[in-house]
Amino acid sequence: MMADLEVVVDKTVINKQAIHACFNVTYPQAQSSSLDVDLTLPGRGITAIFGHSGSGKTTLLRCIAGLEKLAQGNLSVNDVVWQNQNSFIPTHKRPLGYVFQEASLFPHLTAQGNLNYAIKRADEKISNEDYQRVIETMGIETILQQYPQQLSGGQRQRVAIARALLIQPQLLLMDEPLASLDNARKQEILPYLERLRSSFDIPIFYVSHSMDEVARLADHAVVLDEGKVIAQGSLGEVFTRLDLPLGFSDETGAILQGEIVERDEQWHLAKVAVAGGDFWVRDGSDKIGHQVRIRVQARDVSLALSDHDDSSILNRLKAEVIEICATQDEAMALVRLKVGKDVIVARLTQRSLNELNVQCGQQLFAQIKSAAIIR
Amino acid sequence: MIFSDSDIAAIWLTLRLATTVTLVLLIIGTPIAWWLARTKSWLKGPIGALVALPLVLPPTVLGFYLLIAMGPQGVLGQFTTSLGLGTLPFTFWGLVVASVFYSMPFVVQPIQNAMEALGDRPLEAAATLRAGPIDRFFSIVLPLAKPGFITAAILGFAHTVGEFGIVLMIGGNIPGETRVVSVQIYDHVEALEYAQAHLLAGVMIAFSFTVLLGLYWFQRKSPLLVLK
Amino acid sequence: HAEQINVAVASNFTAPMKAIVKAFEEKSEHRIKLSFGSSGKLFAQITHGAPFALFFSADQTKPKILEEKGLTVPGSRFTYATGALALWSADPTFLDDTASRLQHGDFKKLALANPKLAPYGVAAHEVLEYYSLLKTTRAKWVQGENISQTYQFISTANAELGFVAVSQIMQQGAIKTGSSWLIPREVYSPIKQDAALLLHGKHSPAAKALLQFFHSAQAIDILESYGYITTP
Amino acid sequence: MIFSDSDIAAIWLTLRLATTVTLVLLIIGTPIAWWLARTKSWLKGPIGALVALPLVLPPTVLGFYLLIAMGPQGVLGQFTTSLGLGTLPFTFWGLVVASVFYSMPFVVQPIQNAMEALGDRPLEAAATLRAGPIDRFFSIVLPLAKPGFITAAILGFAHTVGEFGIVLMIGGNIPGETRVVSVQIYDHVEALEYAQAHLLAGVMIAFSFTVLLGLYWFQRKSPLLVLK
Amino acid sequence: MMADLEVVVDKTVINKQAIHACFNVTYPQAQSSSLDVDLTLPGRGITAIFGHSGSGKTTLLRCIAGLEKLAQGNLSVNDVVWQNQNSFIPTHKRPLGYVFQEASLFPHLTAQGNLNYAIKRADEKISNEDYQRVIETMGIETILQQYPQQLSGGQRQRVAIARALLIQPQLLLMDEPLASLDNARKQEILPYLERLRSSFDIPIFYVSHSMDEVARLADHAVVLDEGKVIAQGSLGEVFTRLDLPLGFSDETGAILQGEIVERDEQWHLAKVAVAGGDFWVRDGSDKIGHQVRIRVQARDVSLALSDHDDSSILNRLKAEVIEICATQDEAMALVRLKVGKDVIVARLTQRSLNELNVQCGQQLFAQIKSAAIIR
């Protein structure tokens, strides 16, 4: 709910690893194909998969996992062929973990039994420490003896996530893993997933409707619509695009590259230098000199003609208006702003736009409330 | 003891036969049921019907045909002879083969139904957890289809205990080898030894009731396959 | 006035009974519905109220017990046929008309009817006893529940030889298939099959007519063609 | 026509009997199965075992006891007599009662399993949609447990067609009234009319195969109860 | 994600109708009770049910629906007794609709068949118009012929919602109905639920982890923790409480009463007069003079010492600091502000607080970006 700006350690090293996926799925009795994609995705980091309900997200994950036998497809993961015309590695030989959209625990095993099922079959023995970390993060210590039918929806989902992690996958497929969880729990699991990504360097495909989660986690995004890819690229590229259909445009924002230049231990803040100026963000205990990324959502950006240093808004950057664009919501407009070499987007009422008499090329100040930064 | 020696021999033989047949049925019936449950082939219907077919023949008649087939001139008989096993009628294993044939549908059908009710999801989940087909079968299908297996075992066991027409036909009523309790009771009835018949039938019922009760109790303990 | 009655017939008498009834119905208005079953079963049914007018048993004991229980018309019991025993094999060269093969013991299975249930079994037992073969052959016995099952054991070659009723292998006075030894009648007691008029058929003209017919020359001819010995 | 009149009568009678018995079994067996599937009472075990019990007795022996029970001196016989129905043995309805008794487990067990596999959720959902217990039963349980019902019908029907020991005992082999095909084949075999027996058995097998095939085809069409 | 302020037509008339629910559920084998509540809830409007995963939300709904037979309880809905020591109205006689946490469609019926199931059993025949409206809002026109196992997760959920609506309930129980849906779809369904509430006046119990949904819809909130009620009251009361555990505090905000005093047709905005000043919100085509409520989330409030009229932030209100409160997040603080007679909460970095030297009793300006208002 609150992810407006985001800082993540930069992982976008030059990327030789990649996942190539090309699938065409047409279900029997269906008029058109439910999935028709040809994708090249980074073989590391988190790729967010977006799309309306029924757009083919689950189908894509199922194809990658080898669960959808109907797929005409090619799939290679970091140069290993998983599927092509001649070969098809069966699911159980693919080193992946899958969190299903419905928890899908084994009903004849307790939560503990479900976890053991994965532990027993993992390629490497899991260390007790790692095991404990997973259990604690998911907050399932107390329910391990219960059967799935005795668990709440969220508890089931957490056990399912733990199960998928304990198999120690080399590719993690997660289908709306946090949808049924409350904020507090999400706040515990998200950093864990971040750590997972950074410490194990495994690629994660992450279906989610929540921009918070995605903004926080993902490096790359794919947007599906009716089985086709309508946008893909780095998260920033995808979400500064003004031409995405309504629904996505609410999520419009920008990702800025920066470096940590100062840490304010007293106020637990970190100063990040981006091309257009400095940002104060909550301190994520990253070291000075670290490359980080900041996410700025359009809805959190306000404009001012002058620099107000008596406001609680810490982040005020010089900006130049480069494009003004109406949205499907008549009261609103999107404004693309150049901040240094970066582009950010602001979402304003048409009326403010008019009152401030904002014009293309105009210089003004973009205000971003740092209190809204997560982490 | 109120039982004659031949009664006791018959009881033992029956237990041996029923246990063997049930085991053989579960071992043979499970893959058949699995195939029937999962296949999308058009052969599913015909094969399924074929499995159920022995049911519609009266046991004595089925026994008669089996007697021909397993005899020296029969296909089965020539096969077993060529294997050096001789012919099967009038042997314990002849009874086993015949009973297996006869009770097959009672075992295949419940297992098949239970496997069909499983759905794909648990198997898919297991596959993503690195479980291969055999592993999946033992770790997921078997425990989840347990009620079906128990029903199958109950029906198969009980039916073999009660089986009689075929046993009569194939067995040759050889004491200690093929004279099972059902034949023994039948003999008592035919010989108008009603008291003996009542006694033996009573014991058999009491015993079977206990076995069945045990199985039901076992089944009750299995966790419900129920979404909350 | 024509009548229709149910008649209970021991299974081993199925074929001759059908032939006799056919002959009877050609001459008579009455219609006979035949119910076959083992004597023991028919006995149980009759004691529990089965609607049979006549009972043709495969032995003498059951009609006798029924008589004692007062379920038959007193004095109606009579021997309708006497069976003859043969040792038979489906293999046309296996037996000559002697006991030699039996005495040599070079066979794997010897089929006979269960002596406990079938008079033919009792007779077979007597034959074996007479030739002192009880001990040596016992391990090779396979017992049919009745004489027709015994016949099936042999005809399907699962047992090389066995004791059957002459009526089963005889047609028009000759052996149909295989080889046989017609056992001398002295070595076993006569296999007498008794019939009785049941209470249910006490006032039935059809039952009486059928009983009557059994003493006719035509019926005796049929019986003899099936290899039965008819006691005059 | 190659069949004798009595063969044809037997065929008709068999069809009538098997159909009647199957219907009666489904009607009686369904509530029993439902109770067994849903109850948490300790009686579940004993009652379940009781239902399966007829299986372990040889049919003729079971028939013998039923004959005693349904005869003029038996409990059941006195009950039916007091109802003015007379005694049941040697009548069509006697056969029906006996066969129902004998085939009950084959019908109850598959239905029970199917109902247990349902789980609570569909019923709960239906209850929140204003469906009362009866409505739920017909609109949810019945269609969802369809594979179980079909298996039950197959096993019940086929078993009645092939049933023989009981039919012979209770029916008395009366032509046109209680002489069903299985008994007719038996008679042919007893009379050494093997050609007739083979023919009748062949027709019966062909017919049953067709029926079974039809049922399987019907079952195939039912939507899979499978979570994607 | 974007609900920061909210306007809803006021429905809080003096409320004689009420739902009394008192339940104690202890599952077999459980050490403690999973639900132990004694609640009086408004018999109209939407009541949000909040709580961590496993806190008993689903159990509460199940008790109200009469699905949980273990419940020791009393339940009366608008003076009709549904359950007490002596009587228990079975579920199918309770005029309710239930959207389960998992879609729970009937697998043997198509989507259409599932809807018809409800239509046939509804007390009143549904008008074709209402039917069409439900189908369109849920966006399920094209999938009506498919079986549940051929639908995507979100499609199933939408059919389930439609099914619960078509039974025309007098009490609607919804267990995370929108969790698996994308934003665009939510934006279509939420107004429909709002309309449902206002036009049919049926009470809705709504379990959700999403403050957006709740803020927008709910009048009343109940917060459960380990089966116990830890907070309840009007949405405003519950969410301005600073003492709720972390996780909920992120959602802190305020609800303000106001009246529409002006409509700006040109800019599609409406001016709402609250005690402390005027708010510009997106025009929801409410008439002038209507009572409305506005939700202000703490994270969207910034403070300024002076009134900046050259900024795009339209809403600037005079405020007085009445309490400053640290949060579990060290970098942040919550500030309670008096705006007229109302109280709003602002969430700031400790550093801003210090830089602006904010003190209790100080007069300053609260800035709320109207662009973030939904509706």
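A few remarks follow.
Should a chain be cited, it is by its letter among A, B, C, D and E, assigned in written order, with residues numbered from 1 in that chain.
Heads up, the rule we're going with is that contacts are C-beta pairs under 8 Å (C-beta built on N, C-alpha and C of every residue); 3 or more make two chains touch, one makes a residue touch a chain.
What you see is a predicted model; the values in this text were computed from it and never measured.
Counting hops only between chains that touch, chain A reaches chain B in a minimum of 1. Minimum number of contact steps separating chain C from chain E: 2. Relative to chain B, the most remote chain by averaged C-alpha coordinates is E. The mean-CA centres of chain A and chain D are about 60 angstrom from one another, to the nearest whole unit. Chain centres here are Cα averages; for chain B and chain D they lie 19 Å apart. Distance from the chain A centre to the chain E centre is 26 Å, each centre being the mean of its Cα atoms.
Taking each chain's centre as the average of its CA atoms, chain D and chain E sit 56 Å apart. Residue positions of chain E touching 2 or more other chains, listed in rising order: 102, 104, 150-151. Within chain B, contacts with two or more other chains are made by residues 64, 121, 183, 186, 189, 224-228.
Multi-chain contact residues of chain C, defined as those touching 2 or more other chains: 41, 44, 152.
Contact residues of chain A toward chain E in the complex are 1-2, 27, 29, 50-54, 57-59, 101-102, 139, 143, 150-155, 157-158, 175-176, 179-185, 187, 209-212, 245-248, 250-251, 264, 266-269, 280, 282-283, 299-300, 302-306, 308, 310-314, 329-332, 346-354, 356, 367, 369-372. Residues 121-122, 124-133, 135-136, 139-140, 143-144, 146, 222-228 of chain B are the ones that touch chain A when the two sit in their complex.
Against chain B, in their complex, chain D makes its touches with residues 44-46, 48-50, 52-62, 64-65, 105-106, 109-110, 112-114, 116-117, 119-121, 147-148, 151, 154-155, 158-159, 161-165, 182-183, 185-186, 189, 197, 201, 204-205, 208-209, 212-213, 216-217, 220, 224-228.
Residues 64, 67-68, 70-74, 87, 89-90, 168-169, 172-174, 183, 186-187, 189-192 of chain B touch chain C in their complex. The touching residues of chain C, counted against chain D in their complex, run 6, 8, 11-12, 14-15, 18, 33-37, 41, 44-45, 48-52, 148, 151-152, 168.
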